[in-house]
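Please find the structures below.
Heads up, the next two complexes both have chain A, just with different partners, chain B and then chain C.
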Partner chain A sequence: MSAHQWQAAVGTWPRRSSLGVRGLGRSPAFLIGAAVLLFWVVDAVAWPLLVPYDPQAVAPAETLQAPSAEHWFGTDDLGRDVFSRVLAGATSVLTVAPAAALLAVAVGVAIGLAAGYLGGAIDEVLMRVTDALLAFPLVVGAVLVLAVTGVSRLHLVVVIALVLAPLTARTVRAAVRNEREREYVEAARLRGDSGAYIMVAEILPNVAAIVVAESTTRLAAAIFAASTLSFLGLGIEQPSPDWGLSVALGRVFLQTAPWIVLFPALALATLVVGATAVADGLRLRIER
Partner chain B sequence: MTTTQDRPAALDVAGLSVSYARRGRVRALVDVSLRIERGETYGLVGESGSGKTTLALTLMRHLPRAARIDGGRILLGGDDLLGAPERTVRRWRGRRIALVPQGAGSALNPSLRVGTQIAEVYRAHGDLLPAEAAEAAARTLNEVRVGDPAQVLRRYPHELSAGQQQRVLIAMALAANPEVLILDEPTTALDATVEAEVLDLIEALQDEIDAAILLISHDVRIVARLCDRAGMLYAGRLLEEGPTEDVFRAPRHPYTVALLRCVPRLDASGTPERLEPIPGRSPDLAAELRGCSFAERCPLVRPRCHEEAPAASSVADDWTSRCHFHADVPTLETAGVSLNGKPPAHDGAPLLRVEGLSKTYHGGEARVEAVADVSFELRQGEVLGLVGESGSGKTSVARCIAGLAEPSRGSLELDGRELPWALRERPREARTAVQMVFQNPDAALNRAVTVGGILRRSLRRLAGDRERGHAALYDLSSLVHLSPSDLELRPRALSGGMKQRVAIARSFAGSPRVVVCDEPVSDLDVSVQAAILNLVRDLREREGVSYLFISHDLAVVRYVADRIGVMYLGSLVELGPAATLFDPPHHPYTEALVSAVPTLPPDEQRPRITMYGPLPSPRQPPPGCRFHTRCPRFLGDVCRTVEPPWQQHVDGHRYRCHIAPRDLGGLQRADRLAGRPPLRSELTTV
Partner chain C sequence: MTEPPTEGRRSSALTRLVLTRVGLALLTLLLVSMLVFATVQLLPGDLGRTVLGPYATDEQVAALNDRVGEDDPAPVRYANWLSDFVRGDWGTSAALRQPVRPLVLDRLANSLLLALYALALAVPVGVALGMLAARRRGRALDAAVSTTSVSLLAMPEFVVGTILSILFAVELGWFPVSARVPDDVASFFHQLTLPATVLALVLFGSLTRVARAATLSALDAEYTRTATLKGLPTRTVLARHVLPNVLPPTVAAIGAHVGYLVGGIVVVETLFAYPGLGKLLLDSALAHDLAPLQACVLATAVVVMVANLAADVVASALNPRLRRAAS
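This part shows the complex of A and B:
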């Protein structure tokens, strides 16, 4: 008997339809990710209570000190406490990134719903536009837009959202096309419901889970994007303790004082990985 | 069937219990015992959730991880299957015990050629060179009656018909000449004529191979036709088992009686005027069950049944029943009044008139004419059945009438006034007047909305009433026997039958005139199907609604319809009263369809009429009569070149054929009497 038959025999087994939130609680990756994410969110709000030093306080006598009991993460070229700056640096990325992710998902859901449900020429046009946006590298697009509009938090949010929205649009469109094939949509048409009603009231609740997973995935990407832009000097400006900016400015001391770069970079990494772990957990839960 | 006493049975299951870790422990099989001798065929009848598939998987030692074997033993030709080490079992699978899984379409690997897949089976058993394996593959295909095996071996699964796919799977299972062959729902989802061919094949194989066959099916008619012994599995318990003939002729368990009463039949004499669905639902397998599993639904129930689980008591030598009162079962009436007592066809005024409906799908270069020039009328208060096999265009007709698809040509009239095809052009009254019930109740209900929400929305849109809100909702749900507490539930919490009730209620929200039902019961269990069919009939009486009722199952259509239309390859080939359509003279295609329906009890005398060749592609329908390539009563050139005229038989019964009613009736009756199928070559002159 062949492998295919075995597969088929197993395939007749009813799939576990719902795993419940308990399922998520059993996934260590999800739990650790959620804890890390929660830590940084709390920190972004409450850092003034947590920092041992003022992150902006310049101390000419204490520049480029290695990590010690006094300065856990050492000091930078201006004598500022790196530990305090790392804690304070979460705020800027966590104001821009969630807003950008939310905007990206909102735009992406709208485009995905319309393209997936209406199909035809509208689908063609919307998808070609998103393809074009997808083809633009983040940095090139951001440089172009921010050069014209000038750098501000709002512009950063919009630029990052524009870059991320096409991915969400594609995912949502695929899910909507699946739903559209189901007869409940036809039943709604038979009772005379409008296309807008069907999209929002009938289909959207059924793709909500996918939208939630999309949001966390896009959050991780938005965090990364925001930090990349500030590293390139296109985002947050001096003297913010923003991580991307700190890495960029500390680069020249990499040989002599690597901790200036290392700790903000690690902080960024934990945040991105944490958000990704949460996103993966949610996605697996939905796909099951 | 004849065995010497000293030889162990091919398969011997004793006291088998299996449970799953889910919401506590779900007891999927409880104390199941059965024995199959070599050369014997055992039919296991069960509805969904009865544990059929669990039994098949246990026999293959292929249970999912959440499953646990709580007790019992399985002997495969005398060898302990449950105790054997995994390595040994792996060697036994395929060689000693083989499974033909459900769903031929998904059981084959779509990206490998059929030949490769069959040859793989031989190679997996280790003793053949690639060239020999290929040769063996061709040989097995011959055994399962696949025409032109060399061709088929080179094809991919999607290039085969459903019947051929099923044959290939059977061939793979037979490859290593197993001692036990398990067929899990071998004909589910197949068209009636294809099903009949697969059943013919199994019947032929019974004589050719020496294996013990375990046939798992929800269809008692199939088990009755093919099996020596039958077992009735319900909620994980084998309630009755014995020789098929005895079990189905004079059942000794109330469940068997109840199930037989749910089956609509074509043989009019045996069908009760009204099917009797089994009341209630099957027990929750996760709950502790002290008494008999069928007690809640049993007409013979007595206090003892709730207290004490019945042991298998012996009715005769090889016949057992798990009923405390099996001796009383024969007092239950097994067959009611015949179908002939059914109220006469409604002679109402024409309500809906379809004229020259054609629907062509364009896909790139291809042009598929799904519906070709179909005309009929639906009368006030009438049920018009539409039958045909997959690809016949019946669903396209339904969707066009409902307004979900726009035809290429044709016109539609409701009450003598023209009705636009497009849904958005239909005025609200017309939209309310034509509603539809879909095949798959899972997909037809929005799983994010509660039942109450679904019905409320339909009431608001279709009945346009806001004031009566609550009362209207109550009326609507009681129309389909839903209780007020059901309204709070989401579709996921409903059984298949309840889902379909909600879907029916939804279509009745605005007092429809015409309800189009597209295969409304094909995804349901037999006992649930009976309840839905009765509901459909009752609603016609109560609401005076007309139905266009589409189904591939002739017995179902026979039960609900006043008149029946038969479609083949996009065209309507026959239309007539249900009372005359099943007897000669009727269209040769109808004749073949009718002959393919299994009867209960099986009718050995009745000839099976085989159609010739494969179903032609709808992209290039045959010229002349569309059926001529497969027609068992093919005449000659006239069929190939001239489109056949409508022949009027009796009032209101017409069919499209070159053979006039008198001649056709004579031929068909003669063949029926002689019990022989028509021979195409003899029929070149009439």
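This part shows the complex of A and C:
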């Protein structure tokens, strides 16, 4: 490598990709999605200040009442206020899903960095394992594992993270393979930096934008998985006002009191659409 | 580009592709069977106690466990289980007290009926809307189709199913809230339309995206421009030049989504209390009923493999370029 090339390589070294969030302010889908997501996040923390009734308060005299001025979303089979339960129900899904998404991205980034940077046999083995995991139906795997480990929030987080991590690993690996051939990596290698240092301090900041987009995409997927598993009876346990659980338990009253299941289902739908709009906006922004 | 290969070379390449894939699929199945067996061994639960109930003495439980080989080392039990399974003895359900094989095959047939109906609904609509969105690229319809398909992809099946049930079963009363196995054509549509629509909507989200992307690249290709410049009507160009290039990736996408479809079936069958394989799988897992649980997971794995394989073969049979690349 000539002195000139060396200079060129060093000159490009502190390349930091911008997250490119400026243009997002003009996308209405992203803005609405972000507002909905923000609303539910605030609600998940501050619901005790917002609810008109105690979400667990049983009222035997007021069971299965239709929506009214007193009970905006009606009452359930135990006379509990559905509106208050919907507001309180955001907490469980918004603790499990972000925790699972973060764990999935952490594991996925570690695998993707190692596979993409080291290449060779390690890459081959890691990618075969993720392929095998991806081929297995998500719900079937989760049902099997949760039946063995028993139902708890921690198990739920770990199972969802394990199911989602392979997808992140693949995306990160592809991005790392692109970066590996660039001059700044070559320069760091010539400087004698260790492989671990190059992966974490050189390559990782340059794929940060992709990691951020991955995290929001995985968050949407984790909301899907957490609520589905709760609905199947493998997630959150009674008497939590969790939305998936509420739909599962209220299903028997579908004919007589559909509001018990309708409002938690609609709440979850808005959360999912909001998270997806944010993830999609970020992804499109970064791909451009 | 070289000369197109002869019909004989083409079919031999296809045969080789199929044989390689079948070999790989069998290997994967063996791995899955080991994994399932190992996982299920970890389940808390005592076979003898489950079969004999809480009033049996410890001696009776131990005697039964000894008789059925429950105390043998794990590799021996795995080998016995696998050889029994391959020979058609899938064991007995401890909770339902009936042989597992007819039960699982019966439930599998119910689930396949539902899945095929969902595919029949999702594929034509998904491909048509994807092509339409691509032709109207960047316009309102394109944006609407894209937004809908992205949202549907992320929407849990039980949410879609609950909202559709309230609308079409409770309010309008067109369909039942829970689905029974149909016994004739009329009841097929009455019972299965709602659950199949829920599955189809989720599939439709991904199919539309794939069809749109494939149509865009086909519309930009030289052969489409040539066909248009030759003066062929738009309809002919779409049917003869664009559609053949949209179908292979769409079929491949169906294959790739069979796993998701299976997950969706577990949820939809639970929501509509439909006696399919997915519901049996969940019920056996919740009841720690090992024999049907193992059989369900293996049957699911077989279905996913076969569907992936079929999708690959159909996609490559439909795609002349892939056939050429394989030879």
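As a convention for this text, the second predicted complex is superposed on the first by the 266 of 288 C-alpha atoms of A that agree within 3 Å, B and C clash if a C-alpha of one lies under 4 Å from a C-alpha of the other, contacts with A are read in each partner's own complex, and residues count from 1 in each chain.
By our rule, a contact is a pair of C-beta atoms (placed from the backbone, for glycine too) under 8 Å apart; a residue touches a chain by one contact, two chains touch by 3 or more.
Given the structure is predicted, the values throughout are model-derived calculations rather than measurements.
Counting the residues of chain A touched by each of chain B and chain C gives the higher count for C.
When the shared chain is aligned, chain C comes close enough to touch A:L144, but chain B does not. Once the two complexes are overlaid on the shared chain, A:V200 sits clear of chain B and of chain C alike.
Of the two partner chains placed by superposition, only chain C is touched by A:F224; chain B is not.
Using the contact criterion defined above for the overlaid structures, shared-chain residue A:I122 touches neither chain B nor chain C, since it reaches no partner. In the superposition on chain A, A:Q255 contacts chain C only, with no contact to chain B.
Within the superposed three-chain model, A:A46 lies out of touch with both chain B and chain C [touch as defined at top]. Contacts of A:V58 after superposition: neither chain B nor chain C is touched. When both complexes are overlaid on chain A, the residue A:R191 reaches chain B alone and has no touch with chain C.
Of the residues of chain A, not a single one touches chain B in one of the two structures and chain C in the other.
Residues of chain A that touch chain B in their complex: 1-6, 8-13, 17, 181-184, 186-193, 202, 205-206, 208. Those residues of chain C that touch chain A in the complex are listed here as 28, 31-32, 36, 39-40, 42-44, 147, 150-151, 153-159, 162-163, 165-166, 169-171, 177, 259-260, 262-264, 266-267, 270-271, 281-282, 285-286, 288, 293, 297, 300-301, 304, 308. Those residues of chain B whose C-beta lies close enough to touch chain A in the complex are 53, 56-57, 60, 62, 64, 93-94, 98-99, 101-103, 106-109, 112, 117, 120-121, 124, 169, 172-173, 176, 184, 402-404, 423, 428, 431, 435-436, 438-440, 443-449, 457-458, 461-462, 492, 503, 506-507, 509-510. Considering their complex, residues 29, 132, 134-140, 143-148, 150, 220-221, 223-224, 227-228, 231-234, 244, 247-248, 251, 254-255, 258, 261-262, 265-266, 268-269, 272-273, 275-276, 280 of chain A touch chain C.
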